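Each structure below is given as structure tokens.
Both complexes below contain chain A, partnered by chain B and then by chain C.
Entry: the complex of A and B
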């Protein structure tokens, strides 16, 4: 699958004001190449700037999107050229919601073992840190398998 | 991935002259660090003052470099930006590494 241009969907078209001002959900579709992470970040940085997102919530959302997408690309698709990820971010005054959908094998990131802090460098594990960061920077995470699709929803409250 | 080494007293200080350490550059970071620390003294300090984004892949790369140096030598960190400091704190890795507020503090704590 080649590069895919970001797609945007909107809401509240009945209200007054421009379409751009009113839309709350923005979406990007990524392929299975690791370069999708850079594409994702360029898209999100532009979105955050355009929507005047606070630095704190922008960092938390971006970090979680990176963790989720990187994990899917490296471990879910494992080079499968047919892999596709759809990332939608809904920004509202009370926070943000991000939905990540992919067509890789079923994987519930919340089903892993509980986080155990490293006591020293010898015991420090490199794996499992991504889900720890996601759990610590979101208010809530939901996972569900929808047919052949993994759907991960991340909720970010006001901060 | 630009890594700028500088011998400082009894330490090797390596400045990461990039805004990000993430999955896209983690392998390159580890390979370049491996070359730089080959003949390094007992203390290597990573200057992270220019890094504003670190994810778990980047953190894993930093931990991997620490493991390469151990047990005879050690990796310390300096000048963490707030977002990078947050990643170390949330993963409790801040208790595994010696972290200096500024690179200038490294000389004051020379071993």
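Entry: the complex of A and C
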């Protein structure tokens, strides 16, 4: 299992030229414990308050970070004590870019079958909702496998 | 995450949730919802105190609604704030779990 390389570049969003001038990156490193999601949320809530994010963008970024990190903890690491997740967020007044890197098995969340909403409660499946939320809440998602690392990049435009 | 509950007239069981339903929150409420879904046929869930709802929390609601429906019962969710409501709508859960504005509407539906 390779080391997690921290993200060093903060220029991921090219939708607006003014954004790159204002970007700063904040990062948190989590282990494989399920309590990592609570740790993530405390960190992000403080960040959102400190940076005076609008309620909408703060919610959407937090939701997608929760979905991605929860999925890695429950299905990627599956209790592996060597698991590590690095979450980096670039915030600008009108949007954000988030990068989630983990050293779990290769997993492309975009490669699964398209989400099909259940028609009724009897036929409802209990899965796939997190990916659906990330796809619908972001402007764009990129996944790549970088050596032993999964890298998921989430783009949030103005809202 | 805080969960309180009360028995109402007509065999209705009311659950009130407060706080975020993230991974930790869902783990806290899941055992109670399992117990309720196995035991009650008329359940209303007050989401007005929930400021954050992730998919792991939606699973708890859907599993419970499904179990209750399988026993010919009804579960209704009411009072969802804007962000949790948007999450429920985005996942299509508002089409399969009864989502209403307030408690009287929820009670009316489960007592039908």
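We adopt the following convention: the second predicted complex is superposed on the first by the 135 of 159 C-alpha atoms of A that agree within 3 Å, B and C clash if a C-alpha of one lies under 4 Å from a C-alpha of the other, contacts with A are read in each partner's own complex, and residues count from 1 in each chain.
Everything that follows uses one rule, which is that contacts are C-beta pairs under 8 Å (C-beta built on N, C-alpha and C of every residue); 3 or more make two chains touch, one makes a residue touch a chain.
It should be emphasised that the depicted structure is a prediction, and the values quoted were computed from it without experimental measurement.
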item: Chain A as common anchor, with chain B and chain C clashing or fitting; value: clash
item: Which of chain B and chain C A:34 touches, first, second, both or neither; value: both
item: Contacts of A:133 with chain B and chain C, given as first, second, both or neither; value: both
item: Contacts of A:42 with chain B and chain C, given as first, second, both or neither; value: neither
item: Contacts of A:110 with chain B and chain C, given as first, second, both or neither; value: neither
item: Overlap of the chain B and chain C footprints on chain A, listed as residue numbers; value: 34-35, 37-38, 59, 62-63, 66-67, 70, 73-74, 117-122, 124, 126-127, 129-130, 132-133, 136-137
item: Chain A-facing residues of chain C, complex; value: 20, 22-24, 27, 52, 54-56, 58-59, 62-63, 65-66, 69-70, 83, 87, 90-93, 95-97
item: Chain B-touching residues of chain A, taken from the complex the two chains share; value: 34-35, 37-38, 59, 62-63, 66-67, 70, 73-74, 117-122, 124, 126-127, 129-130, 132-133, 136-137
item: For the chain B and chain A complex, residues of the former touching the latter; value: 22-24, 53, 55-57, 59-60, 63-64, 66-67, 70-71, 83, 86-87, 90-93, 95-96
item: Parts of chain A lying in touch with chain C, wherever the complex brings them together; value: 34-35, 37-38, 41, 55, 59, 62-63, 66-67, 70, 73-74, 117-122, 124, 126-127, 129-130, 132-133, 136-137
